[in-house]
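There are structures below to look over.
Below, chain A partners chain B and then partners chain C, in two separate complexes.
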Partner chain A sequence: MTGVGGTGYALIALGPAFSLFVTVIASKPFLILTVLGSAMMWLVSLIACAILWRAFLPGAVWTFLPLLITVVGIQEAVRLYYWCLYLKVEHFLNKLAAKVSKPQLVATDKIQIAIASGLGHGIAHSVFFCLSLLTPAFGPATYYIDSCVHMPLFLVAAFMGLGFLLLHTFSMVIAFNALAGDKHFHQLFVPVMHLCASLLTMVNLLPGGCIAGVPMTLICAVVTMAVAGKIVWDKTSTGSAELGNLQRVHSSSSL
Partner chain B sequence: MEKGILEMVGGEIIGIVSPVSICMLLVVLLVHTLTPHGSSTSVATIAMMIYNEQPNDSFVEKFKGGLLNAIVFVCIVMLVTFVLVGLFYFRFTKCLRVYMGFSAFTVLAWMGGIVAVELIQFFSIPIDIITFAICLVNFASVGVMAVFFCRMPIVLIQGYLVVIGMLVAFWFTKLPEWTTWILLVAMAIYDIVAVLAPGGPLNMLVELAIARDEDIPALIYEARPVLPRQISGPPPMSSSPTPARTRRWSNRRAPRNPGVGRGNSGSNSALDNLRTSNGQPTSLITEPPLAPEVGIIGSRLVSSTGDAGMLNSISTVVAGHQATESNVDEDTVPLVSHGTNNSSTAAALDGMESGMRFQGSDQGGSESEDEGLGLGVSGAVKLGLGDFIFYSVLVGRAAMYDLMTVYACYLAIIGGLGATLILLAVWRRALPALPISITLGVVFYFLTRLILDPFVVDLATHLVVF
Partner chain C sequence: MRSVPDLENAMYQSLQGYPCVRLLNVTGELGCANPGRTKAIAPIQRFQDANSVQLSAPRTVLLPSSALVGFLKRLEEADGSSSSLEQQVAGLLIEYDNLSFPEVAGFSADSIFPQAEFAPYDTKSYQWNPTGSGIMYRRLNFPVFLLHKNSTDDVQALAAKNERVGFKYPLNVAEFNAVMRTTKAGTHTTESCLRENSCLPLGGYSVWSALPAMNVSSPTGKPIVLAIASMDSSSFFHDVAPGADSPLSGMLALLAAVDALAEMGGLETLKKQLVFLVLTGESFGYLGSRQFLAQLKSDSNFVMGLNATSIYQVLEVGSVGQAYDSTFYVHKQASAATTPTLQILNALKAAAVSLKDSTSKPQVKPASPSNPGIPPSSLMSFVHKDPTTAGVVLEEFDTIFKNKFYHSQYDDASNINVEVIASAASLVARALYMLASDNTADTTILKSIQVNVSLVEAMVGCLFHQEPGMTCELVKSLMTPSQSFTTHYVGVFQGEPSAIPDPYYIEDTSRFVWNFLADRTELNRKEWKKFPAQNEECTDACKNPEEVCVASTADHKGRCIVSTTRYVPAFSPRLGYDESSGWQLLPLETGDTMGAADPVYTESFWSTIGLQVYLQESSWFDEMVLFLGVSITAFSFFAIICTKAVFQKRLKRA
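Here is the complex of A and B:
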């Protein structure tokens, strides 16, 4: 629906990502590189999934179920691989910090790297699943699909893109924290939530299902955000207490 | 609060990734608005001397024709680069300089003018011919001066280089599809041979430049070095006790203009045989800038100074030697990767130096002086304009299919560029910037177009996502 509509849809899907990028990530070049790197890794995993399932699509509707399960499995495996890579990078950064007499990575740095990684995944998801559909939205008309006559396809895709962007971003924060601290509940939470969110999108296949599907995706995203927020809150409140102690020690030692 | 390590690492890479991204974005926008399905009129260019692709030729014919076109193009590029090396060797700097200026003016005024006219027609902008002519001539003149490095803000110089790259890349996207893809692959292969093989023209150019301690003549984009915040700007070279590195910079940039490319005779005959009018000299030699941070010649990775530039840091950590805080590289081996000539006309396939160059600085103790005087050049990266152009051609051609291929190719190219930069830090010699990115880009394009696109569109139109 012309430029205004198309831009609106794009902003719905990517607006929060853009503001996260500008506030947290843009000032630190390393984080920008992390976003690009994790987006590329997500793309590679998507291509692997596509190669696997290309022969079966377009197929019957029931093929979506095994497809989603295998694809989410592959993506969670890639997340674990990404975590191993991150450990190497963290080691490298700490070594570098030691060489140039800068402080080692603190908790907030690690959370920022986790946010950047998650944002890379999320932006790649939104761009491929939502933005690439939006090209016709800049034209003069709009488009509805059969199973969803209530909202244009572009609007639904934008909301789903938003939901999954937030889900990917914050589940990476949870995953990094859980894998570092070996917390099993959170380690299981991430793949389970990802799988639930994807399977819930299958509700959209039913006629009129998008009315339920879109809010459920957004609820999953909000739950993930809440869990990630709680983790970060806990970490920074204990962290700041430690920092306060350190500062007191320093000031007393400098006297 | 002390700045953490995250703020320091990676600045140079971002400094080169940003202009590459901007150039690609501009080319995609131009292609998307003006020629979304490929150019309807075929432009006879040098790249199509042998075979003019028609839409209804068979697969085999198109492939063979594209291959012939690409081989001819690469041969001409190679010839021109040898001429460039010869001119540089015999120190014909003046004629190279004049040629460079002429090239820059032609690209900006003529190709820029044609693109501007197409845009005016598309958007129905009300503008009269006199205003347009005045604006265009002014724009092109300032661009020529920028490329010759009169003292002007570095943002303007960088902007003009990106615009020159964008215009030439847009022109290249007018080639037919098969020719474009085969040409990209051929240029990537040529890049490897020219830079890494002992007899390759660019290898010889690099060695000549090292031996004479001069700059390589070409159009090179240089990212602004990351200066510490409190430093206002570099004082003029003459008035400051320049540390060794900056003095070396100014000497290197002594006005030598290696003009890449054909030289006068080439351009004259080119003009005579002009069948089309494209093309441009994409290699302009940049007059050595007076300020240390200005310089646009190929891609030169300048190692960082006090700040831990990422590439320097990679090399030091990998090499495992003890790096002091002011450690920077001892040697000044330029790592030029590639002088590409692209010009679709006979006119000027001037070697646009594309490649990565790694220049160390050995200041050691003068580090702190640098920072104090504001001369610390930390981590400026240089990338040849030919790289900009070929990356943008790939992405522009991907844009003619669909935006999904654009995103995939963009990520592939940036990934390739990052990998090349890391290899640069590890190997510390001249490296071609094209091969890894172009290979990844082409692979991702075909994978996306044939496999990913139907997959994702099928899922997304059913609103099933993961």
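Here is the complex of A and C:
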């Protein structure tokens, strides 16, 4: 659909990621490294899924169900492993900061690290499931699949990419908060939302399903963003006492 | 679909078709091309016939082949008032058909009197070719393709889809790539494009051969009987110009005659020398015959052993594939010298008499005296040079062409009859023997000259069928073709004119004819056949300068033989070739009537010619998508900055 269309699709899918990167991530080298590390971790999880499912694909449509469930399961397990790694890194960073008499990690830092981790996941997802599919969009032709005559394939891919990018980014914020504070509801929220969003994409397989499937993915993303926003709002709403508590909690944990 | 490359393949469908390309002449351009430097893209719309074409926006017009002439005529007539019709035609696609022409009696892309400007008589309005439409000479400012059978079905389906959605985007479009170098270079005549190196002149290599082989360095001085045929044809779509009846049936008859005569012994004792000449480039200004005569005049190396004065009689074998009533007509110019011309007619009659016991029983009749002169033929070049030339043209028709598909894609194997050609070959072989013997040979000897019908059948299979095509046994035993299905359009002259041209630059048909004639006219052929190992092996040249290397193929080496078979370049005598500056237009010589009439055709260079179809959105949709993407990005920017500001305020407050 020419360079004009192709650029449009790329901006739909990755525009918010780009904005987030430029405004939040780019100024702090550690966050850039976090984005890369998190993306790498997500790719490793994808490789594990691929190895597991190689023997069974390509398969019938019903194989999508166990496929999605196992893949989401593996990715959530990797998320927990990532959290463990993060704790070790946080511990190390705090010790280092104590040695050089620099301040410890505060809440805002942790939120930023969470956003960067989520963004790493989201960008890796976009690059793999969306960007490569968008390359033909820069040519003069367009493509509609039989089960979706309302939107070009590229528009569907761009919106899905956008939805999952936001979902992954803000899921990580929720997850970090939930695992640190041991809040069970939020701990469950992340994998359940991830699974729901993934299973809802199967609506796109139905004839004309993309009319419902794409908005549903975006709705999942918006809900996740809202929950993450509420968490951060709550975290910063209490007085300095809470913040002081946070600091004290950190100094004790750094020992 | 398993991958992104699979997706791209599904998005773009390449079509198979034959293009019409840009030719230039001294006054301007003809043929078809993309109007500018870019690809031509427009939605496909199908119409049933020429008159129903109504265009509200630029479209790729899809028409059945019966509508082509009518549509081009409409564009020509509309020039001025609704030339908006031509402006809305982005490209033209012609459907393949199985020649179901119930309404039309025939189709010819050439004019009603083909190449009338070269006729050595004044009646230029005589209708030799009544089905002629002249579309070959039209200049069109859009690309035109003739679709293959499979692609026709695909494109019809896409056009139907477009109709179903009422031409609302997204639509199936055709993308034409037929950008010509001459358009890019801004050169619009032969002279300018040759100077700027954006085109090449039309031409190729004719072949002449002597039976029996002559000693070219010291010729015997025997009068020569020259038998001529042509191997090139034309059509609106150059890639499909089979020319089966016109003129290749004549060439097949001549080659089969040579094959029959080669079996005869004692030819060296006859009073005259037989020389065969197969010309190319005749459809585009009699390039072969005129260049041959120019070479004779300048006594060049190409025609060593021949000279203009030694050519005593000329017998041209024209279209002979449709003489279903077994009657062949002998055409001659009124100014031809009486006695030697009459001798040719008598030789042909004697040959017919000797064949009266055969199954075909051919008859020979002089053409009607009400004809203005000889039909369009290579003999016209000889007549211009010398009006008293004792020459005749043997044709299947009397007053008008029998071939209803002269110079069109339909002049294929179904348009000729093998037995008729074999019968013509017998006539020609026996008549040539008669002439060589000065009309003294008796019927017994004539009856021993037998044409091999299966040879004619094999040649038809090689030259006019997809299977076996040029990879047939007959051709493969003599040379390795560059492609299996060949068109008989002469093409451009490649390389520089050379006495021993690089085989890479010679068309398959010329190479086949050369090898065939060399093989058949080999000196002492019968003896050498008994002892094949005696011939020296070779790939292209022989140690002995008297010898030539024949039947050198990719599978086996050739053999060096003594044969007077040579290539003669065929290109317009109005052109000269120079090592440093390449081709250039020479000034016109006074008295050169044919040169004055010569359009001097050249063909533009191009980088690729292609045709593909795909689904396209309107540019409005693309712009909306870009707008949406930019908005989302901008919105997220502002949202993040606002959120950051809000949270920073909250933290400060706390």
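Here is the rule we go by: the second predicted complex is superposed on the first by the 238 of 255 C-alpha atoms of A that agree within 3 Å, B and C clash if a C-alpha of one lies under 4 Å from a C-alpha of the other, contacts with A are read in each partner's own complex, and residues count from 1 in each chain.
We adopt the following convention: a residue touches a chain if its C-beta (ideal position, glycine included) is under 8 Å from a C-beta of that chain, and two chains touch if they have at least 3 such contacts.
Quick caveat: nothing in here was measured; it's all calculated off a predicted structure.
Applying the stated clash criterion after superposition on chain A shows that chain B and chain C can sit side by side. When the shared chain is aligned, chain C comes close enough to touch A:I12, but chain B does not. By the document's definition of touching, both partners, chain B and chain C, reach A:T135.
In the superposed model, B is the one of chain B and chain C that contacts more residues of chain A.
By the document's definition of touching, both partners, chain B and chain C, reach A:P58.
By the touch criterion stated above, A:L20 is placed in contact with chain C alone, chain B being left untouched.
After overlaying the two complexes on the shared chain, residue contacts for A:V78 are found with neither chain B nor chain C.
Legend: residue contacts after superposition of the two complexes on their common chain; A:S101 is shown touching chain B, with no touch to chain C.
Of the two partner chains, chain C is the only one that A:T2 touches; chain B does not reach it. Contacts of A:S237 after superposition: chain C is touched, whereas chain B is not reached. Legend: residue contacts after superposition of the two complexes on their common chain; A:N204 is shown touching chain B, with no touch to chain C. Nowhere in the superposition do the C-alpha atoms of chain B and chain C come closer than 5 Å. Residues 58, 132-133, 135, 153 of chain A are contacted both by chain B in one complex and by chain C in the other. Looking at the complex, you find that chain A touches chain C at residues 1-2, 4-5, 7-12, 15-16, 18-20, 22-24, 58, 108, 132-133, 135-136, 139-144, 152-153, 155, 158, 162, 232, 236-240, 242-243. Residue ranges of chain B in contact with chain A, taken from their complex: 2-11, 13-14, 17, 308, 310, 313, 316-317, 322-323, 325, 402-404, 407-408, 411-412, 414-415, 418, 444, 447-448, 451-452, 454-466.
Looking at the complex, you find that chain A touches chain B at residues 27-33, 36-37, 39-40, 43, 46-47, 49-51, 53-54, 57-58, 61, 64, 68, 71-72, 75, 92-93, 95-97, 99-106, 109, 112-113, 124-125, 127-133, 135, 145, 147-148, 153, 156-157, 160-161, 164, 194, 198, 201-202, 204-205, 210, 213.
By the touch criterion given at the top, residues 2, 4, 7-8, 10-12, 41, 170, 175, 614-617, 619, 621-630, 632-633, 636-637, 640-641, 644, 647, 650-651, 654 of chain C touch chain A in their complex.
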